[in-house]
Every structure is written in structure tokens, then in C-alpha cells.
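Here's the structure we're looking at; comments come further down.
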Amino acid sequence: MQAVENKIYQDKIVIRLIQFSVIWAVIAISVGVYIAAELVWPTIDFGQFWLSYGRLRPVHTNGVIFGFGVSALMATGFYSVQRTSHVTLFAPRLAWFVCYAWQLIVLLGALSLLAGWNTTKEYAELEWPFDIAIAIVWICFGVVFFGTIAKRKIKPIYISNWFYGALIIVIAMLHVVNSLALPVSIDKSYSAYAGAQDAVVQWWYGHNAVGFLLTGGFLGMVYYFLPKIAGRAIWSYRLSVVAFWAFVYAYIWAGPHHLHYNAIPEWVQSLGVVMSVILLAPSWATLVNGVMTVSTAWEKLRTDPALKFIVLSLAFYGLATFEGPMMAIRSVNVVSHFTDWTIGHVHSGALGWNAMITYGTFYFLVPRLAGRELHSTRLANLHFWLAFAGTMLYIIAMWAAGVSQGLLWLSIDSIGELSFDFKDIMASMTPYYLLRLIAGLVFLLGTVLMAYNLFMTLKGQRAVKVTPPAVDPAYGVNA
Amino acid sequence: MAMLPSGFWAGWIVVVTLVSLGAVLWLVWSIYFGRDQQEESEVEPVWDETLAEGHNPPPLWWFWLLFGSMIFSLIYLIFFPGLGSNPGLLNWSQGQQVASSQENFEESFAAARMAVVDMDLAEIQGDSNLMDTAGRIYQRECAVCHGPEGRGQANLFPNLQDTVWQWGGSPEQIEQTLRGGRNANMIAWQSILSAEIIDDVAGYVMTLHEGGDETHPGKAMYEQNCAACHGVDGAGNPMLGASRLSDDIWLYGGDLDTIRETLLYGRTGQMPAFGERLDDFQIKLLVAFLAR
Amino acid sequence: MNGLTFHRKIEENTGLLIFGILFVSAIGGLVQLLPVLTQESLETASANTRPYTAVELTGRDIYMRENCVVCHSQQIRPLIAEVERYGPYSRAGEFVYDRPFMWGSKRTGPDLHRIGGKYSDDWHRLHLLDPRAVVPNSIMPAYPWLAERDAIETGNITNKLTVLRRLGHPYTDEQIANAEADLEGLTEMDALIVYLQMLGTGFSEEDAGMQGGAH
């Protein structure tokens, strides 16, 4: 027993995953900026198929979600599950396999998208060989994670692990069901579902990939890192419990709000509406819990860039999770559907919430892992303002664009004719698209500064050796 | 009627939805207001040195937010289809909604639109509001081929602003073109005539706008093969969509190479039919707009 | 039982936690997906809807490869303005041979569900080669490479039809046998245009009332 307890936490893999995550952030956001520019200057693909908007766009989304997002979730998940279980990782070699195999999937997946292998199912564009590989690696991820929890030294499983656990389990379920297809060749398959049925399955997946990966997974980050950085207990345990279960229950029903007024049965749409509205409560429960947790540690906000990022991310989280249920209501959705409003909504989540909380967590984690101060707090503060400005500008541009698209498309004049031609509405988007491009550039600049800052912090350092602290015997596993 | 499930699945939807919602409510209620033995014990778990479970009672307003949204949901599901085979009190469906907006549309606009259909073209053309609407319909439906100003595009789509009409420029002919579409069919001559003859004919065609060069070697072959459609003098025939060759207006291009290409490979200019896409009002306005 | 006592049991047991998450997260899918996947009216083709021909299917696969769906929806909502702009609203029965569905989530460009027959082939060709040649303000990418590639090399069309037949699309042996010959001599652009020209033609007034339409 003594020997096991003296083991040191597996933190090298955390550092490696953070490095991958930051690299993916820079690459995938750059691709995003490039395709944003293509919407302003459509000829900058130079007639090259691999620079074409349609092929680059899924590289952007997959790179951000599965490269940047999942690597960050694996890094923070491995870090926090060890510390909240007071043991080192289960099957560390398998963990390293997960780390590298995942990067290989995202990299080759991106190349395959450029080559035109594409199922066209949003956020599930990768073809069947990748789907199989993803399923295998994901299950290994689950084995490492739950294996670590299973050998924990402290009896209760900490809250953040519930959320990381839900991420792993639900994404596995969604991925397997939605990806069912019959292969034709290595690069091509046909979906097991057709038409309206395929649509319902796809948005059950698509919405909950957002739900359990971009929301649930990152909520795990909140529940570990926020109280950790603030040095406080999580404000209300009871609120965490209801937040978790109501979240897991309600989110999964909300998918059909992506198909309002589409050719699917009305009853499914209605269930999508009501569960989206109910979802506001569990979403905001964590917001309240998070804000109240830091509310006695506001003074830290002045000095700690990590905490600044995380608190701001909670604000955007609150905004996006309010906006989402609104957009799920039929009469709002009539205007927002198919417009840039949706893009704005996604980015208030992806930039304001996912990226910011990850950046904050990295600013906290990397100096700890490296055992030295952050290379430059001033740069980190500058990054904070760039990220904030970029996100705000992005959201405002897309709101304006989306709302005007939605209203102008539906506008009918005094004799029953459409008031505006599609081409003219599209052409009037140029200023917004230009603004969005600038917003993206500002956000990218901040991300590059962070990459430099973290690189300098890590340079020449090795992972600090940390051993699991003792557990009060009252709550020890054998107590 | 909405697309509603029936039989077993209808019951399944109702039962699982309501039971699970009730279970969530019970869980929340019980956790909000239940007793926690652990809170009362002296030692509590601490993870990773500082992480612990706070004992603040969760805010009541949050409970009411959740409870309220559930009440909203139930009311919503009473009025709208959602719970199995129940169509909802409002009997709402997408099809019914679009049908009733169609009725509203008719009610608001049908009379005014019918009045326009019965108007004289000149009267429409004198009404700047209607012509403005007509211009918008043109921009929406026609401009991507015939150009934003109607001057034709890409040496494929005819100029609608000049005086030459391949299929006839009378209002009736224009309407016919709009409703039924047109399929021009200039055959490819490469397998019928030799390259030399085609060169000759092309050369001769280029002289038609000056009345035709009587001595041109291509004249005889032109009259033998082309005159049936395009006329001996090249005046064209709007009934067949055969272009006039005796003016200096060319759709595909009037230089020797292009004319030779037209002869060799033929031309199949196609105007799609808009009779199904546009209603009488829209067609009338377009005719007025184009027949100026 | 008290919910908190119950929860203390779950959070102290890895297996229970895994099972609990799986169970609770599955409920929504079981309610929404199972009835939809067994609803026959969603699998019944509209009167004029038929499986894609070899050429159309190849065109559709090119449409997928170039990811046209990220900017163009194929779903006309039952709203008066959409019906006026694009044509009769989309019915579920028109999509039964769509694997996967191609409804899209964003209209950077216009909806394409009823684009079939609206423009001439020549127009599509020009537009795909250089969108700005016919729509001056267009922000659509150009697709010059489509004109240079043979449709026969897009993918193994015989395999594709065989796989789709296995998934229930009623292809005859003859159609499968002739598939390669059908693609002979066509460029990818030709195939794509054939696909675009058949889009939305599966609609029939006859079953307009059947799928959620009241008129």
C-alpha cells in the first residue's frame, strides 16, 4: 500500500495534451479566420479544391471541437481525476495511447476532409474508418478515466468527475448511434438512416455533441478549477446535484429544435421546445454555483488572469444558455433558423465560454505543472482583453447579420410580394462579415500570445513531481 | 393534421415523458428540501486539499424557475402536439399554419393582385409603384441570367433591352415564353457539312447584315440549309426561335470563329418555364416590365 | 427514500454512476428516436419520388464532397415567404432516398430544394465555373476542377448502388449493371448539374395533403 501512495501523478501527459490543445487552437482558429475572409473575398481560394470554403469549414469545426476542445478536456480530465481520486492514472500506457491516437485521428481526419471524404453530417463529418477509430480511442479514454475513479482512495466521487463521466458516456452513445452506416469504399459510406429520420438522429447527435462535450465536459472544468483557483469550497453541493441530473436528463431532448418547421413530425419539435426551455434551469444552476463560489474571493480577480478568464467565461455561458432556449421557441426560431444568428450563438459559446474557460485553466495549470511563474502576466492580461473584445465583436456582428437576414427574408410588401431579393440581402452582409473577420483576427492574436506565453513558461522545465495527499480515514475507500 | 404517432408508441411517448419529468421534479424537491446526514457529521470529505462541498441552501428562485418551466411545458403540451397522439387544443400543425397564412395572404392581397391581372399593360407601365414591384420580381427571378439591367449576360442569355426578340416581342409572345419556357434547337452541322462548307457559310452569314454578298461562295449552301429557319435574307423566325442574322446583334458572338463554332456544334439555348413558379400577377407584371 | 441519501450511494459507486448517467441520458432518445424510426409515413416516398439514378447519385456525392450543404439548405419551411421565394414547402416523403439528409442548417446562399428546372444547364455550368460571371455580388466559391474530372472516377458507382439496394432502395439489376455506362463521357460538373436539375422534382400535388399539409 505504501508504495502505491508514493507514486507521483501522471502530469507529463497533461502537459503534452495541453500542448496539442493549444496547437489545435491556433490552427483551427486560423482556418476559421481564413474561411471568414473567403466570405468577404470569395476568390482567395485561388481555384484550389483544398482551399475551398466547403472543405475548409469542417476542418475548422472539427479542429476546434475535437482537436482543441477534446485535447483540453482530456488534459484537464486526467489532471483533475487523479487529484480528486488521490491516485495516479489507471493504465498510464493506455492513456498515452489515447493521447497520441486522438491527435492522429484529428490530423488525418482534417486531411481526409480536405480530400473530400465527408459524410456531411454536421460535427460528424469524418468517414467510417475514422468513426471506428474514434469509438475505440474513446472507449480507451473511458477505461482510463473510470479505471482511475474505480481505484480512488476517497469514497465519494467528486462533482467534476460526474460531468467528465457524462461527457465520456453520452458522447460514446451518440457517436455510435449517429455514425451507423454501410461502407461503399474506404472514403465513402451511406447513412443507415434516410431523410427525415436521419435528420432527427443527426440533430439528436449534433445538439448533444454540443451539450455533453462543449457544455457538460467544460462544466467538469468549472467544478474542479473554479473552486480550486478561488481556494473555496463549491458553494452549494445540493445545487450541484440537481444541476447535474437535470442537465443530463433535459439536454438530450433538445435536438429537434434544430429542425423547427422542417419536414419532421410536429410532436418531436414540441418536445424539443419544452425541454430546451426546461434546460435553462440546470444550465443556470452551475452559473449560480460558480459565481457564488468566487463571490468571496473577488480580490483574486484583480491579480489572477486565470480567474478573470474563468469568471468571464461563466458570463458568456450564462448568456449562451439563455439565448439557446429562446432560439428554441418556434416564433423566435422562424427568424433565427438558417441565419448567421446561429453562427453568433455558437461562437458566444465556443469563444466566450469554451475557449475562455480553457485559456483560464491553462494559465492556472501550466505554471503549476512547470513549477515556475507564468512567463508574463502582462501578456496574459492583454490576451484577456483581446479575447473579450474579439468575442463581443464577433457576437454583435453575427447578431446584426442574422437578425437582418431572418427578417428581410420573411418580409412581404403591401401587395404580397417578397420585399427583398436573396442576392441583395446576401450582398448587404459584407460589412458584418468584414467585422466578423476582424473579430476573429483579434481573437486569434490573443490565442497566439497565449501559445507564446505558455511555451516560454514551459521551456526547459519538466513536470513537477506531486504525490497524492493523504485522505481523512473517515472518508477513505476502506472506511 | 400533424404527423402524429399512434398505437403503442403514442402511449410510450406520453408515459415516459410525464413519468421522467415527474421523477426529475421529485429528485430536485427531495434534494432541495431533504435531510442530509453527511452535512450533520463532523468530518466531511475534502478532495485535493481544498475542494469541498459547500452547505449553502440552493436558492429558492431556482427551484421556482425549474418548476415554472415544467408548468410552462405542460401547458405548452396541452395546446400543441407533443404528447403522443394528442393533437393539442389548438389543433396546430405546420400544414394547417401555412394553409391559414395562405388564406390570410389571399384575403389581404388577392383582390389587389387580381385587379392588376385585369389591367391594361399601358396602365401598369404608367404606375410607378407597380413597375417598381415588377422590377423587383425581375431582379429576383430573371436577373441572374439576363443580367441585372436586362442587357443579357455571358453570350448565352439574350439582351431584353434591345428591339430584337428571338421568340417574339409581343406581350403575348413574351408571356408564352415566360410560362412555357423555350428550347432553341440549332443543330450541329459538323456531321452534315464539311468543314470547308461550314467556313463558307459562316463567312456568308457575316455579310447578311449588309444584305448578303451575292458572289459569296457560301450563299448557295446557306440558302439550301439555313434559309428554311433563318429566312433567305436572314430575317429569322420568332415562331421557331430562329435568330435574325441580318442585324448586327449576336447572342453567342458575331465574329467568324464564334459563328463557325455555332455551326459546327449547334446551340441549344434554353429558357426555363416559369408557369409553375410564378402566379398570374407576377407574370403580368413581368410582361409589362419587359414589353416596354 | 430521501433523494440525498440515494444520491450519496450513487456518488460512492463507480458502476452506479455510470449506469445512472447512461440511463438518464438515454430517456430522451428512447422517446424521440424510437417512434420516429418506426414511423412508416416517414419512409413512404411521395408519388413522384424515386431513387437517384447513377448520374444523379454521383452528382449528389460530389455535392457532398464539396460540402455544398454548409451554405445551401434543401428544406423549404411551411412559411408563406419561403413558399413564395422557393416553391412548395418540403415534405418528408420527398427525402426517403436521401442518405444522409441534405437539409442543412445555414443559408449563406439560397435554398436549393426546388432549384431543379429553374435555370438552364448552361447557366449552372457558367455559375459553377465562375459564380460572379452571372451573379456579380456572389460570394460563392468557383469549382473549376469539376469540369476537368470524369464522373466515372468519383467513386465506384456499381458498389454504391449495390449498397443502397441493400439499404432498401429499389434498384433493378439492370440499373446496377448499366450504372458505369451511364456515367461514360460525363464530367463531374455534368453529373452535379444533372443532380441539381432533378432537385425538388419529387414533389406531387397529389400527396401534398398527406404529410402535414392541409391544402
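Order as written gives the chain letters A, B and C; numbering starts at 1 within each chain.
We take it that a residue touches a chain if its C-beta (ideal position, glycine included) is under 8 Å from a C-beta of that chain, and two chains touch if they have at least 3 such contacts.
Which protein is which chain? UniProt says A = Cytochrome oxidase subunit I profile domain-containing protein; B = Cytochrome c oxidase subunit III; C = Cytochrome c domain-containing protein.
Not measured: the values here are computed from a predicted model.
J.: Mapping chain-to-chain touches, which pattern fits: line, ring, star, complete or other?
T.: complete
J.: When you average C-alpha coordinates per chain, which one falls nearest the overall C-alpha average? Tell me, please.
T.: Most central by this criterion: C.
J.: What's the chain with its C-alpha centre farthest out from chain A?
T.: It is B whose centre lies farthest from that of chain A.
J.: Give, as an integer number of Å, the spacing between the C-alpha centres of chain C and chain A.
T.: 27
J.: In angstrom, rounded to a whole number, how far apart do the mean CA points of chain B and chain C lie?
T.: A distance of 18 Å separates the two centres.
J.: With chain centres taken as the means of their Cα atoms, state the distance from chain A to chain B in Å.
T.: Centre-to-centre distance between chain A and chain B: 36 Å.
J.: In chain B, which residues are in touch with two or more of the other chains?
T.: In chain B, the residues touching two or more other chains are 2-3, 5, 13, 17, 20, 27, 31, 36, 93-94, 105, 140, 144.
J.: Please list all residues of chain A that touch 2 or more other chains.
T.: Touching at least two other chains: 155-156, 238, 241, 245, 249-250, 261, 264-266, 271, 275, 417-418, 422-424.
J.: Could you list the positions in chain C whose residues touch two or more of the other chains?
T.: Residues 4, 7-8, 27, 31, 39, 42, 78-80, 85, 89, 92, 135, 211-212.
J.: In the complex formed with chain B, which residues of chain A make contact?
T.: 83-84, 86, 154-156, 158-159, 224, 227-228, 231-242, 245-246, 249-250, 261, 264-267, 270-271, 273-275, 277-278, 280-282, 284-285, 288, 292-293, 413, 415-419, 421-424, 469, 472, 474-475
J.: If you look only at chain B, which of its residues touch chain A in the complex?
T.: 2-5, 13, 17, 20, 24, 27-28, 31-32, 36, 43-59, 62, 65-66, 69-70, 72-73, 76-77, 80-84, 88, 92-94, 105, 108-109, 112-113, 116, 133, 136-137, 139-140, 143-144, 282
J.: Hey, which residues of chain C end up touching chain A in the complex?
T.: Interface residues on chain C, with respect to chain A: 4, 7-8, 11-12, 14, 17-18, 21-22, 24-29, 31-33, 36-37, 39, 42-43, 61, 64-71, 73, 75, 77-82, 84-85, 89-92, 94-111, 131-132, 135, 137-145, 155-156, 159-160, 163-164, 166-167, 211-212.
J.: Which positions of chain B touch chain C when the two form their complex?
T.: Per the stated touch rule, the residues are 1-3, 5, 9-10, 12-13, 16-17, 20, 26-27, 29-31, 34-38, 93-99, 101-102, 105, 140, 144-145, 148, 153-154, 156-157, 269-273, 277.
J.: Using the touch definition up top, name the residues of chain A that touch chain C in the complex.
T.: Answer in residue numbers: 38-40, 42-43, 45, 47, 49, 52-55, 57-58, 116-122, 125, 146, 149-150, 155-157, 162, 165-166, 169-170, 173, 177, 182-185, 187-188, 190-202, 204, 212, 238, 241, 245, 248-253, 255-256, 258-259, 261-266, 268, 271-272, 275, 334, 337-340, 342-343, 405, 409-412, 417-418, 422-424, 426-427.
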